[in-house]
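Read through the structures below before going on.
Each of the next two complexes has subunit A plus one more chain, namely subunit B in the first and subunit C in the second.
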Partner chain A sequence: MLTASSDNQLRWLSITLFGLVVALSLLPCLRLLSEALSHWDRGLDAPLLSILQNPHTWVALQNSLYTSGLGTLISVVLGSGFAFVLTLTNIRYRALWIFCFMLPMMIPPQVTALSWLQLFGPASPILNTLGIAPALGSPQPMYSAEGIALLLGIQHAPLVFLALRSQLICLPKDLIEAAQLSGASQWRLWIDMIVPLSRNAIFAGAAIAFVSALGNFGIPAMLGIPAGYSVLPTLIYQQMAGFGNDVLSEVASLSMLIAFLVLIGMLLQQWIQQRSSYSLIGHNAQPASFRLGKWRIPTQILLCAVLCLILIAPLAALMISSVVPALGMPLTADTFTFAAYNEMVNNQGSTARAFTNSLLLASLAALLLMIITLPLGYRLMRLSLKARAVIASLIEVPYAIPGIVLAIAFILLFSRPIPIINVTLYGTLTLIFLAYLSCFLSVCLKPVMSALSQLDPALEEAAQIAGATPIQRLINIVLPLISPAVFAGGLLVFLIAVNELTVSALLWSAGNETLGVLIFNLDESGDSILASAISVLVVVLVASLMALLSLLAPRLPKGVIPWHC
Partner chain B sequence: MTFKNAFALCAALSVSPLIANAQETLTLYTSQPNTDAQQTVDAFEKANPDIDVEWVRDGTTKLMTKLRAELASGVVKPDVLLIADSVTMESLAADNYLFAYQSPAREAYADSLYHPEGYYYGTKIITTGIVRHKRAPETPKSWADLTKPEYKGQLVMPSPLYSGAALIHLATLTDAPELGWNYYEQLQANGAMAQGGNGGVLKAVTSGSKPYGMIVDFLAIREAAKGSPIEFTFPTEGVSMVTEPVAIMEGSKNKAAAQRFVDFLLSKDGQALVLEQGYLPAREDAGVPAGFPQRDAIKLLPFDAASTLKSTDENKSRFSDIFGG
Partner chain C sequence: MALLTLNQINKSFNGQNAVSDLNLSIEPGAFVALLGPSGCGKSTTLRMLAGFEKVSSGSIFHGDRCLSNATTHVAPENRDFGMVFQSYALWPHMSVMENIAYPLTIKRVDRATKQKRIQEALAIVQLEPYADRSPAELSGGQRQRVALARSLVTEPEVILLDEPLANLDRHLRATMEETFRTFHKRTGATMVYVTHDQSEAMSLADQIAVLKNGQLIQWASPQSLYQQPRTAWLADFIGRGSVIRMQPSDELQPGRKVEQSLIHQQLILPHIPSQGVDVLIRPQSVCLHPSLGISAKVTQCIYRGGHFDVELSLPSGQTLLAYHDTPLAVGETLFATVQEGWSLEPDHV
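So, the complex of A and B:
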C-alpha cells in the first residue's frame, strides 16, 4: 500500500517534470527548426536559400566571427593572466581581486557599452572635465569592430578565468615540489608541467567565451548599430525591428545559422573537456603556490592598473555622465546636477514600470526555478548516467543558444493564440517570463545538482527505511541540506534575469518594458544622460547582490558561486 | 522556505500590479521624445484627473512594426497613437485599424491637416533640415552640399528604419528630381552615418562626434535656444514635412477617454503646450515659437502621399540595402 502510493507519487513527479523540460527546452527549438526549413515550395526564394544568397548575411557572419574571435583572444589573455596570478601565487587580497575581476561579467552588456562610450570621443564628460577631449568630428573609437571585440573580450574574460582556475586549483603542490626538488628550473616547471596541464582548460574556456561572444547582443547593438556594422544577432534584431513578422521565416533561418555555430562551439568545448578528464589525482592536496617575494607589490600594482582600465575608468565615466546637464559638458561644481536622476525617478513613469517588471520577472523566475529544480535535480540524480547526461544537455540548449534566437522561437510559438484554450500570450509579460524560465533553467539547476551529488545517501536511506515517502524525504531531508545551493541558484538567476536585454528586446510591449530595454531605448533615442543615470542604479544593484552572495559563500558547496571558487 | 510560502509569495507578487486600478487607463503609443511625451501626458492628466495615461515611446517605424505584429496576433494594446506622419496613419486606416472620430476642435484647422472622415488629426508642423555645430568649419546651405568631400565622414542622419519623419524625408528627397536615390547612395559613399532617431542625431551633433546632421527642426532650434552650440538651416531646395498626427484605434476599449485625449491635443491649451515645447503648432492661430521663421517663409519640397503609401516597404528595404542592417 505504502510502496504503491509512493511509486505513484514518484511517477507523477517524473512525468510532470520531464513534460516541463520538454515544453521549455525542446519545443521552442523544434518550432524554430521547422520554420527555418519551411516554405520549400517557394523554390529559390525559400527562407533558408534566400538568406544564404543575401550578401548581408555573409557580411554579418564574417563580422561575427571577427569580433568574437578577436574578443576571445582578449578574453584568453586577460582571463588566463588573472587566473595564473590569482591562483598560483601568494598574492594578497585574493578575494577582492576575484570579485572585481568577475564584476564585468555580471554587469549587463548594454551598461558596459554605454560606460565605455562615455569614456571616449569628443563628448566624453570625463575627457572634457580633464580638458583633453579630442577635436570636433573625430570619430568615437568604440564604434568599430575592434571596440566591439575589446568589450566582448572584457565581458567574457571571467569565463576563461573560471575554467582555468578550477583546473589550476587541482594542481597539487607536492607535484611541483617534487619537480623543484629534482632541480627543475622555474622555466622548465612552466613549460613541462603547468602549461601542459592547463592548456585544455584554456581551450575549453576560450570555446565558452567564443560562444558567448557570438550570441552577445547588448555590446554590438550599442556599438555596431550606430556605425552600420552588423553582426548576426544585431542583423536579426534589426530585421525584426524594421520589418516585423513578415520576415519571420528569414529571421528564423538566420537564427538557425547562429544556433548551428554555437552548437559547434559547445561540442568542441565538451570534446576538449573530455580529453582533459585524465585529470589529476589528489584533489585534496594543497594547491600549488609560488612565492612572489619582492615581486608581490609590483604584481599587485599591475593588477590594479589593469582593473582600473577595464572596470574603474568606464564606471567612473558612466557616473560622471549621469551628473552633467548635457553631453559634451565638463563636470564642475556649477554643472553638477542630479537632474537626470530626478527626471528618471520622479517624472518618467517608465522607470518605475521597468524596475517593477524586471524585479517581478526576475524574482518570479528565480522562485519558480528554485521550486522546479529541487525535485528535478533529485529525480535526475536517480537516473542512469547516460540518461542524466542527455537530459542535462537538453536543459543546457536554451541557455547556450543566443537569447535573440530564443526570442524568435518564442514569437514563432506564441504569435498566434494557443490552440484549445485560445489565449494570446504575445505582447504579455507572461511570454517574457516563459522565455526566462526556458533560458535560465540550467543556471539554477547546476548548483542544485552539484550540492545533490555531494549529499551522503545514507541519510535518505535511513529515512526510507523509517517509511518516509519520496516527497517527505525530499522536503524533510534533502531540502534542508541543500537549501543554500538552491537559494544561490535562485539568486544567480535573479541577478542575470534582472538585467536581461536580449530576450526582452524583441518580446517587450507597452507596459512590459524591462530594465535592459529601458536603457537600450533611452540611448537609441539620444537620451544618454538619462540612460547613464539608470545604468548607475543598475550597477549598484548588481554589486550589492553579488556582495550578498559572497556573504552566503561559506555555507555553500565549493564552486556554486562563480567568483568564490 | 516551504513550498506553501513560496506559492503564496508568487501569488501575491503576480496580483500586485492589478491592484490600485480604479481609474480609467488610456494606453498611448508615441514617437515624441521621452521628456515631451511625459509633459504632454502630465498636462492631459492634469486637465482630466480621472484618466491615467500609460505610454510607450519608440521611433515611429519601429513602433509600427511592433504594433503590426501585435495586431496580427489579435492583441490591441494602444487606445491612441501620436506618431510622426500621416502616411503611416493612412496605411493603418486603409487596413481598418483606426476609428473615425469627428472632433469638434477640427474647425480651427486647415483641411489638409486632418482626414476628412476623422481618422487622424495633425498636431504639429515638423520639418527636416540641416543642423551644424557652431564650431564646424563648413556652413551647408543645401542638401546637395552634404555630398561634397568636405563632409566626408562628418554627417549623421536618423534611420528611416527607426524614425517616421526620416522615412517621409527619404520619400520626399528620393522623389525630388534633382536628388533621387542617387543622393542617398552618394551620402553613403561619403561616409554618412544613419543611426536611431532624431534624438541620436542631436546627441551626436551637440556633443561634437559628428559636426553636421539631418534633423527635425524643433529639436535643433529649441536646443540652440537653450544655449547648445548648434544651429539649424532650412536648405535651399526646400524641406520635408510631417504633422505628428493623433488617432484612435478601432480596437480601443476606451474610446470616450481616447476622444478626450484627441480633443485635448487639438484644443487651445493643447496647442499652447506644443508652442511652449518649441514645436510649430498645427493650429495657425497658435503662434510661432522663438527661433522659427514665419509659416509662409518655409519652402516645402513637393510630396506625393499616395505614392509614398505604396512604396513604404520598398523604400525601407532599399535604404537598408544601401546603408546595411
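So, the complex of A and C:
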C-alpha cells in the first residue's frame, strides 16, 4: 500500500546507490590490493618483493620525496605569504588577487610545465624575441629535479593558501582588538595570536600539498622523462611500456607503494586538522584586518611581481610560442602567424579528435555525476554521522590516490573481457569514462553534501506531512533548493575532467586520446608550437569556467567554490 | 472524528530516556497543550505523533488505526495530519499560493476543489492579497499564517503545532493567539500544541499535559493545574505563589484543600519542619491587614504594573508572596490572613 511504496522507494534507492558506490569506489581499490599481494607462493620472486629489491624503485622513491619535499617548501612560502597578505590586510582588489593566485591550481600540470619550458632555454621564443636567449647548446634548466620541484611548488601553493586562509578568516576582529587594548605590540600580536593559529593550518596545507606533489604526473613527465629523472608516477608509466609476465603485478605493487605514502600523508593531515579545529564557526564578527597604510602600494607591487613571475611570464611565453612558425624563432611582425591555431581548427586529425574526446568525456561525466550525486547525497544525509563519514571517505579514495594508481586499478579490473556480455573495455573511451566517474564522484558530491547539510530539515518534514513520497520530496523540494550546488559540482567536474592527463595517459589508445594526452604527446614529439596553441585555448577555457563559477558563487553555500570568500 | 491515544509510550535515544511511560487520551476536537521546560520530551512526543520518530515501546492509536508501535510505523506522509513548524518551513522557491496548494497537489485533488480550498484557507488567515508573493517578502507573522493555512487545507482531523509562536515578538504573539483560537473554533480539528510558555498554554488549551524529564506530571484543565497542581515543582512552574512546608498530621494529606485554621496554626510555628507536607498558597488567597492575622515582616516590594508583589518573611523564615495595591516599606511588620491552600505531593522526578 502507500506505506510500502514509501519504504520501498527508499530501499531501492539505497540498493542502487550502494551498488554504484561499491562498483566505482571500492572495487578498483580492492582489485589493486589483491594484485599487489598476489603470487606469494613465488617467495622472493613475488612481484611485490621484486619491486622492493629493484634499485630503480628506490631511486624513484628518493627522487619523489626530494622533489615533493622541496616543492612543498615552495608551496608553503608562496601560499602562506599570499594568505597572510590577502586575508589579514585591507588590500584592495582582493577578489582579483585571489582569482589570479588560484589560477595555477586549475591550470593542468602539463600546460604549466609546457609554459615554463617555453620560458627558458635557447629555443625559447620569448627569450629570442627579447634578445636574451642563451647560446645554442646550453641546457634547458627546467629539465631538472629543481625545475620539477619549482613547478610542483607553484601548482600546489593554492592548496596551502586555502588551508591557511580558511583558518585566518575565522580570526575575529575583536580578538585582535582585545589584544591591542591589552597593550600588545604588532610584533607580539603576530607571535602570540596569529602564528599559533596559523601554525597548524600551515602544516595541514603542507600535508595536502606534499600528497598532491607525490601523485602529480604531468609535471615530472614533461620535465623529468627527457632528463632521465624518474619519480614514482613516471616510473609506473614507463614500466607499463615494458614487457614481461609480471608487468601488471609489479606496476600494481609500485602503485600500492605510492598509495601507502599518500595514505600516511592524508592521515597526518587529518590528525593535524583535528588538533587545530578552533571552533569559531558561526562567529559573526568581522575578520581581522590590519591597515597597510603607507605599505599598501609596495605590497601591491610585490604581489604583482610575484604573480608576474609565477603566472604571467609563463603564460606570455606560451602565447608567444603559439604564434611563431617554429621553435627558436623570435616573434616579429613578419614571423607572427596563426598557423598553429588554423591547424587546430581545420585539421581533421588527432587534434580535433582529442578535443572532441575530452569535451565528450567531460560533459557526459559531469552530467551523469550530477544525476547520481543528488539522490546519493540525499540518501547519505539520512545515515548516522559515522556511517556517512565512512562512506564519504570511501568515495574520496579514488580522487585522493594518484591518477596513475587509479588507472592501474582500472586496467586490472578490465584487462579481461567482462563476463556474460563478453565485451572488452580495455583501450576504449568507455574505460576512461568509467575511470573519470570513479575519480570525480567525490568532486561532485562535496558541494551537494554541503548544500544538503545546510538545508533546514523542517522543509522536507513539512513536505512529508503534506503526503509527499521520498522521490516526490527529492524532485519538488530538495532539487530546486540545491540545484546551484549540483550545477557547480558538475561544472567543477567538467573543468577538471577536460584537462585530465594522468588517468588517460595510461588508458588511452590510438584514436582515443584526450586533450591532456595530446599536449603531452605533441611536446614529446617536438611539436611544441601546436602544443602551445592548444594550451593557450585550455587556459582560456579554464579561466572562463572559473569566472563562471565565481559568478555563481553568491548563490552557493560557503566553501563550494574554493577560491571565493 | 476519532480519539487520539498514546499508550505507555517510551522513547529513548542512545540509552537516554527522552519519554517514559506516557499515557494520554486526546478527545476529538480538543485543544491540547504539551507544556514543559526544555528537554522535557514534549517535542519528541509531538514528533512521534507526526511520525518523524518511532516509538521505542508503547503504541499510538488514532481511533482504531494503529499509527505506531514496536513493530509497525505509519510514515508521516500517510497519517493525514497537518503540522505547523517552529521555523514555519515555507518552501522558498514556491509562492504563498503554491505553498498552500502543495498538499492538495500531492493528493491529486481536482483543480476546482483545490482552488476553492486554497481561497478558503487564505480567507481564514486573511492573506488573500499575498497569494502570489514569495515567502521571503513576508513578515514573521505573515509567514506563520501561511504555515497555518497550509496545515488546514487538506482538512485534517489532527493538527500538530511545534512552538509556533516562539520566533515572534511579544506583541505579535498576543494577536496570533487570537488567530489560533478562531482557527480552532472554525475547523473543529484536534490541535496538539507544544510550548514552554505556560501563559500561552493556559490561554489556548482545553487540557494541558505537563511534562518534566520525559514524564507526565499532570494532565488537567488549565484551572485545575493552577489551583490544584500535583507537585511542588508544578506549583512553582505554573503561576506564582508560595510553597510553605508544614508539619505532617492526619488532616494534612497531599492533594487536598487546606483550610484557613490549619494554615494559620502552621504559619506561626517558629521553625521549618525537617519533614513535612508542602502546601501551595496563591497570592490571591493572602490578605494583608495592619492588625489582624499572622505577624510577618516585609522583605521586598516590587511594582508589577497595577499591583505590587510583596514578599513577607514568616516567623519560621519561609517566604509568603502577596499582592498589594499600594507600596509598602521594607522592614515594615504586617499581619496576613490566608484563605486557603492546596497540599502538594513530593517531587519524584
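Methods note: the second predicted complex is superposed on the first by the 556 of 565 C-alpha atoms of A that agree within 3 Å, B and C clash if a C-alpha of one lies under 4 Å from a C-alpha of the other, contacts with A are read in each partner's own complex, and residues count from 1 in each chain.
Keep in mind that, in the parts below, contacts are C-beta pairs under 8 Å (C-beta built on N, C-alpha and C of every residue); 3 or more make two chains touch, one makes a residue touch a chain.
All figures in this text were calculated on a predicted structure; none of them were measured in a lab.
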item	value
When subunit B and subunit C are modelled together on subunit A, clash or fit	fit
Partner chain(s) touched by A:G427 [first = subunit B, second = subunit C, both, neither]	first
First (subunit B), second (subunit C), both or neither touched by A:Q167	neither
Touched partner set for A:P122, first subunit B, second subunit C, both or neither	first
First, second, both or neither for A:T373, with subunit B first and subunit C second	neither
Subunit C versus subunit B, contacts on subunit A by residue	B
First (subunit B), second (subunit C), both or neither touched by A:P480	second
First (subunit B), second (subunit C), both or neither touched by A:A458	second
Subunit B versus subunit C as contact partner of A:Q472, first or second or both or neither	second
Subunit B versus subunit C as contact partner of A:S249, first or second or both or neither	neither
Per-pair minimum CA distance [subunit C against subunit B, superposed on A] in Å	15
Parts of subunit A lying in touch with subunit C, wherever the complex brings them together	2-3, 6-7, 456, 458-459, 461-469, 472, 476-477, 480-481
In the complex, subunit C residues that touch subunit A	50-52, 74-83, 85-87, 89-93, 102-103, 106-107, 150-151, 154
Complex interface listing, subunit B residues touching subunit A	1-3, 6, 9-10, 13-14, 17, 27, 29, 33-35, 38, 41-42, 54-59, 61-62, 65-66, 68-70, 72-75, 77-78, 133, 135-136, 153-154, 161-162, 193-203, 206-211, 228, 313, 316-317, 320, 323-325
Complex contacts: residues of subunit A adjacent to subunit B	56, 59, 121-123, 136-140, 225-228, 230, 234-235, 238, 240-245, 326-328, 343, 347-350, 353, 356, 360, 363-364, 367-368, 370-371, 411, 414-417, 424, 426-428, 475, 483, 509-511, 513, 521-522, 524-528, 530
